[in-house]
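Following are the structures in question.
Consider the two complexes below, in which chain A is the common component and chain B and chain C are the respective partners.
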Partner chain A sequence: MSATTHHHDADSLAHKLNNATGVSPTRCYQCGKCTAGCPMAEEMDYTPSHILRLLQLGLEGSEDRVLRAYSPWVCLTCEVCYARCPQEVDIPKMMDFLRSESARLKKVNPRAADFLSFHKTMLDSIRYVGRLYEVGMIMGYKLRSWHFLEDVLMAPSLFFKGKLKLFPHLIKNRKNISQIFKKSGNARTEAAK
Partner chain B sequence: MSRIGVFVCHCGENISATVDCAGVAEAMSRVPGVVHSVDYKYMCSDPGQTMIKDAIKEKKLDGVVVSACSPHMHEPTFRRACAEAGLNPYLCEMANIREHCSWVHEKSEATTLKAIDLVHKMVEKVKKNQPLYSIKVPVTKTALVLGGGIAGIQAALDIANAGHKVVMVERSPSIGGHMSQLSETFPTLDCSQCILTPRMVEVAQHPNITLYTYSELESMDGFIGNFKVRIRKKARCVDEKLCTGCGLCTTKCPTKKIPSEFNEGLGMRSAIYVPFPQAVPNKPVIDKTQCTFFLKGKCKVCEKVCPTKAIRYDQEDEIIEVDIGAIVLATGFNVLGAEHFPEYGYGRYRDVIQGLQFERIASASGPTSGAIRRPSDGTEPETIVFIACAGSRDEAKGIPYCSKICCMYTAKHAMLYKHKVHHGKAYVFYMDIRAGGKMYEEFVRRAIEEDDVKYIRGRVSRIYEEDGKLIVKGADTLLGHQAIEIRADMVVLASAAVANDGAEELAQKLHVSYDPYHFFAEAHPKLRPVETNTAGIFLAGACQAPRDIPETVSQASGAASKVAALFSQSELTREPVIAVVNRIAPPLYSTCTGCALCVPACPYQAIEMEEIKNRDGVVVKRAAKINPGLCQGCGTCVALCRVKAIDLQGFSNEQVFAELMAL
Partner chain C sequence: MIKIAYYPGCSLLGTAREYDESLRAIVKKMGIELVDVPDWNCCGASSAHSLDHDLSVALPGRILMQAESLGLEDLVVPCAACYSRLMMARHELMEDAALKARVCEMTGMEFRGTVRPINIIEFLQKYSDTFTDKITAPFDKDVACYYGCLLVRPPKVTNFDRPEDPRSMDEIMSLLGSKPVEWDFKVECCGAAHSITRAGLVGKLSSKIIGNAVHRGAQAIIVACPLCHSNLDMRRNFINKAAGRKYDIPVLYITEAVGLAMGIGEKELGLHRHTVKVRYPEKVKVEAEPRPKAAAATKPTPAAQTEQTEEA
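What follows is the complex of A and B.
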């Protein structure tokens, strides 16, 4: 059940979230069960229920705090929160939205820069290859993150065990994949407006 | 010489496991005056009771001692058995050898000896017992309902529909109470007046109900079934029989700028006025404190315009005396006054209002015809803040209790605001949301989820004005106690529900107890919630504690059913365990010296002074007299009386001393 009325402030982040995903922060009654069960709560700057509270109030500055939060980037999308939420608030979906929205608005938490690089590189790999292409992804990640020497020593053994293929295995019909990307990308930008 | 029978019960093994019951019976048979002494496994069983009945007849017993459990458990059982055998039931007593002996001691010789002592002292008491007869009190089958709000209306209609007469007394010019001021009611949002006014009309037209509005209780005497009540019917200055309620006088009255009580000061009324269009009765009242004629001696415009010549400036208060059998107290509540909120600027800023005022603003019959407008400049508030627990749960303001209705009406207010001002922002500062009730939690969730009312958990510290805005300073304790400032156009305080003005005096007039907050006290918080400590006086609605309409209505029906039960018999039967002042032959008449110290000592106001006259009608003595209808047999007067002129029937000094001497 999502809240749908004309009473909501159309510019608010909560409203955009609701439009894009159907998740309504007003559903949350701040019981804290999501935070209590979240395996990553200790790593987060704002716990899941805290993020929801910030969205509910929509006070000046609180939306910015949400978009610049570290939490969405450490969320594992394990869905424990969603499974246990008495009000059925789809928190993983919300976190997903917050990641793309903060990336779009260039408000990604500095601590999460590497996560964003990884996300982007991984999606690029899927977009162009149709599946994960390890070597390409590693190179892309290193170029984006500037961590050129990190984990380099692992490469030889991985290579000799056949875990790193030099050339990508392309899937059939890559056009469909790029269409999916195009469509979902458009939809997301539309909704975010 | 007495002929007493002793019956020792084993209570299965409850008693016999530690007490030698046969031994007790045997010991008793040797006590002088005991002509029959037996023991049996279950005295309360049918065969056990038959044993007692047979013994009474065969041995011509004139006293019975059942040595068994607590009299709370089976005294009525055994007294009934004795009565069936032709013995006065008050000649039967119980010796408690279970709770007082077998259950609390180990099996031993001493336990049996204690049991013997307990039974023996009761045998000595029974020797002094006198036959007593239950007291019959006549009942006047007319109920007085004090208060014409929804509680009083419901109680009056229920009693009247049960076929009994009702006298309803309402302080203000119309019945309806606070409910008539409300815009919509939670959780259904149905219009308050639409569901209330038919009931008000029903009260006015009911053949069994006599309605006195603009009237107050002057005094009350008497006791359950036999109250004598004096009602002061204040002068309306209008002949109600002639007045047709055309309203010409109210429109022509030149004094029109008087803040209307019904509109909580947000609208104006004239000096001769009907509080609201749906008032029952729809007859105006002249407010003598505002009327130009009463203040300056001239005007009389209303008299000139009245087509039926119904204006009576010389009308005087009328005292009406009525005989009443039962009283239902339904005097309602009030909201905490402005002087309690200096930090919120209530009373200083016109746009800081309380809940009842918002009800009037939101009401279609209110001063703005239901449009949400600021009292100060009549503009539509873009941002509105509701503050729950304004005064409630605030020990510093002397109100540590929860007012119970505010959570729900605040949600309703915010919802009504959002329904009428679509683009507006509504904030609610709350401490907890207490939405216990059918469909209540769902209602609050609806306000939050569908109408996007922003709930902030925290108490507002202060409100001040800046550039025409009200700055509300609060905190969001859910956001790690972040301080929050909201620039509002209007603030509504859910001010605490408090006892009505004059509740204390009224309680004292009626001898009803009240709590530290002047709400009337129920006889038992769980099992006797609609009764007071004074027999025959019942409670309904928010005069007992803050409560909402559904609860008020159910309690009123509960009180009404208590009244109907009382009226179902023409006489009341009471236990004769009451205090009696002795009366003896002339020239003494009574050992009472007439010191009258017992009169104020009696917690039930049951004692009065009586003049004893000789056959020539000359007063020869003043002595105390106890009203058997009011006496509860507590014994305070017996202990107090310095000349031992008072005795408690069934527990006389002689009986108690006989018990003690047996030990």
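What follows is the complex of A and C.
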């Protein structure tokens, strides 16, 4: 890799990101292509290239701003940014890392609380059923977040179209799945509870 | 009989039932047997990778390992989102020995890497001989082929078609007798990941897609992903609300279009499960000036595979 202009302590967020995912913010030369193509840029508090800049600077407050950002949660993992980045910075992977780090450190942006509930509900379904169980998920998500009614209202029509199952498709080896969850023991899922 | 491993994924048992039904209906006529991955689990969807990286590799990893036991090479994965998760996991397991060791420990199984996930377009390309000779009712519509995000991106991982202006789906539709329209939102994101958490936002993104397809004269939108379908079809009311008008254009799975061209009944293909009725708007008059060159290239070609440009 060529000219690295920014240096980081071993405990900087940029360094941790690089360690965990191989993504290196120093590669970014701030051309802005990622942000230009990002369908969610308008919704974000910090655009993808802005986040990279904050990580490059590695200043006291800037890391905390990144961890508390709304952006990673609203990112769609649509991969446009990564496909177009001339420096091949894997931004979606960086967003994954930022989500799990902010959940682990309990720094999730308050506006993103419902995203976190949604993911937790999905993972619960997989953990106990082995597959996604839509009715269970809708109920679970409803219990975890209040402002969610639309899909529930859609439920009866889906049921009559044969698309909504009232009972889960349990897989046989659910023990294997719960073992995977346990072993992933990666404090993240637990911390996110 | 050709045998191929099959991973339906959760959507195809529920909200995308007609995708599964239409696929099963066409393979029966194509002389292909699908063998379900034994005791398959969910790939982790958009949630595992959002919160826990190892888990996001281990869940699809288990699917690949279970599939390996079938002794087949190709694993057809019709859901573009599952396909993406399986490809990502395979890519990472092949590249990162330490991760592979952890994932094998988690699943208690071995990963050999003998199974290759293919998406529905690759599947139809590879076996086009088995349906092109059975076309009895050409699907002679003007269609907008919608690829979405995950089939073509990230190009390094999926290594499939051109990431900005793919053509493979257009070519298949041409084989069925359709005329693919040139349009601008082929690989744009419909926002599926947030359809439950931010329905209004997703309506906005999807309405741009539908609006452009209609503007370019499409009579139907063809998709290869259950999430794209549920956004453009099931959640049409959000789209209409965002657009401030009512769109009637139907959204068909590519397998449904293949089935219709082969003369299979609408019911058997599950068309009655759509939210937007499958009725095609009138063809728009062809404009006076000749079409751009690129459109000419998508004229029906013989079953032979057209070469793909690698761009990544």
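We adopt the following convention: the second predicted complex is superposed on the first by the 163 of 193 C-alpha atoms of A that agree within 3 Å, B and C clash if a C-alpha of one lies under 4 Å from a C-alpha of the other, contacts with A are read in each partner's own complex, and residues count from 1 in each chain.
By our rule, a contact is a pair of C-beta atoms (placed from the backbone, for glycine too) under 8 Å apart; a residue touches a chain by one contact, two chains touch by 3 or more.
Because the structure is predicted, anything quoted here is derived from the model rather than measured.
Comparing chain B with chain C, more residues of chain A are touched by C.
Contacts of A:H50 after superposition: chain B is touched, whereas chain C is not reached.
Of the two partner chains, chain B is the only one that A:T26 touches; chain C does not reach it.
Of the two partner chains placed by the overlay, only chain C lies in contact with A:K183; chain B stays clear of it. Contacts of A:F115 after superposition on the shared chain: chain C is touched, whereas chain B is not.
Applying the stated contact rule after C-alpha superposition, one finds that A:I171 touches chain C and leaves chain B untouched. Judged by the touch definition given at the top, the superposed model places A:C78 against chain C, while chain B stays out of reach.
The contact surfaces that chain B and chain C form on chain A in the two complexes do not overlap at any residue. Of all the residues in chain C, the ones that touch chain A in their complex are 10-11, 13-17, 39-42, 44-56, 58-59, 62, 105-108, 149-150, 152-155, 163, 188-189, 191-194, 196-199, 201, 205, 234, 272-273, 275.
Touching chain B in their complex are the following residues of chain A: 3, 5-9, 24, 26-27, 29-30, 50, 53-54, 56-59, 62.
Within the complex, the chain A residues that touch chain C are 20-21, 39, 43, 74, 76-80, 82-83, 90, 92, 96-97, 99-100, 103, 114-115, 118-120, 122-123, 125-126, 130-132, 134, 141, 148, 150-151, 154, 157-158, 161-165, 169, 171-173, 176-177, 179-181, 183-184, 186, 188-189, 192.
Remark: chain B residues 418, 422, 425, 445, 448-452, 454-457, 476, 478-480, 484 touch chain A in the complex.
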